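What follows is chain A paired twice: with chain B in the first complex and chain C in the second.
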Partner chain A sequence: MKRVLVLGTLAVACAAAAQTPDPTAAEFDKFREIMEQDNPAELFEVKGEELWRKPRGPKNASLEKCDLGLGPGVVKGAYAQMPRYFADVDRVMDAEARIVHCMITLQGFTYAELAKQPFSSLTRTPDPVSIVTYVAAQSRGMKLAAPQNHPKERDTYEAGKAIFFYRAGSFDFSCTSCHGVDGQRIRTQPLPNFTKPEQAIRAVQGWPGYRMTGGVMHSLQWRMNDCYRQQRFPEPGYASETVSALLSYLTVNANGQVYRGPGIKR
Partner chain B sequence: MRLASAGILAAAAALLASCATPQRDYKPDAQAMMKRDFHARGIAGMERLNEDAVQAACNKHADNPPQAIAEKLQKEQMAAIKWPVDGKLLGDWKPGEKIAQNGQGMSWSDKGGVGGSCYNCHQIGPRESSFGTVGPSLYQFAKLRGYGADIQRYAYGKIYNAKAYNLCSQMPRMGHVGALTEQQMKDLTALLMDPASPVNQ
Partner chain C sequence: MAEPMKIRATLQGDVADVRVLMAHPMETGQRKDAAGKLVPLHFIQTITGQLNGKTVFTADVSQAVSRNPVFAFKVKGAKAGDKLSVTWQDNTGDKRTDEVVIRAGS
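Here is the complex of A and B:
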């Protein structure tokens, strides 16, 4: 508990430091490396593992029979190999979408209740967020290898790419408005160019992440959602195919690079 | 020699293979998926997923449409600019600076009250070091370009509708979409054009 308090204080100091321009961004990266040795994400990883193993929901079942793509119950390495095609739903799913699917089919939760408040607040971390943190941690140190074997995996990647480049809305923005050119910033926030493999890893690395702004745990589902808010679009459905398609595009672009596990974000 | 020709053969085979299966356009797939998966929230309605003529041309041609198409659409966008009826383009740079700083507006978490989001992408005044680099620096805007009526008109018009000048510019059309009021755009124009504005010091 004391450790959490110390980390909280550090997080506040860090959020203040994050206001200053570029040279500080490098300093922040160093700071993050130190923080990641004692990462609050670990608390959610532990909670997620409990939630994975414990019988829960109307069907009083655990998630230990959930198939994340490598066979029922196989968690190790699964996150690094998603999004992927799942024959039982005939679509590509990212890790959190698959976990939500398992919570519905195995445990009897409804999509409506899981999608009602799917993102973390200061007072509440939704269960799928903790579970995806646990699942992601079991791919720590592994190379990203989102498959492109099934025709639907290739179609989903291409659809994700088209979504990434699609300009619309009040401000004419697409994902590329911020993430299609090298070396740009919004205010002091550096913007990775996700169309390039060596930078696409930054879309995946550190997620799920303990976010210093607000001090909450967030997953890639949240990250995509908040990008669309800032893009001035309507809201993408939680765990929807659109989000899986975008994550396919980003992850496949980063394939072959090492995933370091749940991290820390500004 | 043999290796080189084998390499050429392999490259030719690859080319042929890629010709045989031309990449299809995935935009209709993307649009259908988004229409199915998105929902309206707050002020952000589903109509925002539809392309207007400018967005459609930029999407179709990867932000680089043929010149004839670009010129025609730019002309239409220019013709739709509503210039202030009093003929005055310069407001007050002081509220202009506040509008430039304000990055709120038009998202589902906003209710009303829109800022210009200018510093998100541009360097403007000398005292603000937290500025983005997606757009060019506007520091010393008029000092470098001149304070004349033509530059005033360019500044106001560009803020009102950047696409009237460069069809696939990344800059939002602040007046065209009704994000900023006429007074706000006048104040921003003053921030760039007033000789007393910190921008021109």
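Here is the complex of A and C:
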């Protein structure tokens, strides 16, 4: 009995130590809070909405018939329930992959042109990035609920988990090298441990994100790609099943927590 | 090139709190591109705020202001439902105007 009590106290002490905010991180949190009130990500929301509604592409169609999983054209709450299984393509897709799919099937764009320069630079923000920002904003304040009902959704989660733990490359790295341990950091950037549900939310929170350094909008597709680059892995295909699988693993781990909409990064 | 602004105008008493987010590269003219060439100066020079068509706010802006800048100002004597528009003009002559209806504050 006494031993159990001691163990209990120890566990509480450990939890408290893990939660003590690092003073540098606390300052950045304050900074981020102020910046969030006027987040330039909203400019991309406005632009993304315009791109969603306007007839575009070789087929001169809008994306208003795009099915994000809640029925054609339903955007509200769709982002919080992705990645999910889509019967028409018989695979699990994350939000950006689905948007790319809709741009190809409804508007007639080609994958090759969308995948050529899929990430934002100083001079150019690709359309899918703006659109995913608009779609994500329509789930602001909602609980994450990436479904795990279809067998393929469960398979994709397991695939994502396998990728997350897979060690390879010239540095013998895996995602867990940085994101599987508590209290890690890269320079001043604290790294969340995504294997724990309470920290897994940070894989979703703040994305898509406006990065103040450079003033560009980045999506989760970019984040996954850049983690691959930092691990010295070959780049995953843009909007590929690999990225959807990783995002399934990360989002499902964070299920039930509230998504606060597009964020801001320093 | 000019992309839409995001304007929020909320009433607090008879003072409207206006916050404007603008999409603009705000190039200082001192940055070099990948090829080593100077990126030409490109920045917002003037900002004008109008309440029901009457100018209530003007600002001269320099190239020292950040990319995608935020501006905030207060307008006295505004009512809910009033139209508030904001216009910027940059050094290349490019312009953008957006308008919102002032909302009653909580």
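Points to keep in mind about this one:
Here is the rule we go by: the second predicted complex is superposed on the first by the 244 of 266 C-alpha atoms of A that agree within 3 Å, B and C clash if a C-alpha of one lies under 4 Å from a C-alpha of the other, contacts with A are read in each partner's own complex, and residues count from 1 in each chain.
Definition applied: contacts are C-beta pairs under 8 Å (C-beta built on N, C-alpha and C of every residue); 3 or more make two chains touch, one makes a residue touch a chain.
Note that the coordinates shown come from a computational prediction; the quantities given were computed from them, not determined experimentally.
After superposition on chain A, the partners chain B and chain C are accommodated together without colliding.
In the superposition on chain A, contact of A:167 is made with chain B only, not with chain C. Contact with chain B, but none with chain C, is seen for A:155 once the two complexes are overlaid on the shared chain. Counted by residues of chain A touched, the larger count belongs to B, out of chain B and chain C.
In the superposition on chain A, A:177 makes contact with chain B only, while chain C stays out of contact range. By the touch criterion defined above, A:215 reaches chain C but does not reach chain B. In the composite built from the two structures, the nearest CA pair linking chain B and chain C is 15 Å apart.
Considering their complex, residues 3-6, 19, 21-23, 25, 66-68, 70, 72 of chain C touch chain A. Across the complex, chain A meets chain B through its residues 19-21, 155, 158-159, 161-163, 165-174, 177-178, 181, 183-188, 191, 229-230, 232-237, 240-243, 245.
Taken together, the chain B residues at the contact with chain A in this complex read 23, 25-27, 29-31, 33-34, 36-41, 44-46, 48-51, 54-55, 58-59, 62, 103, 106-109, 119-121, 129-134, 163, 170, 172-173, 177, 179.
By the touch criterion given at the top, residues 37-38, 40, 42-43, 45-47, 50, 122-123, 210, 215 of chain A touch chain C in their complex.
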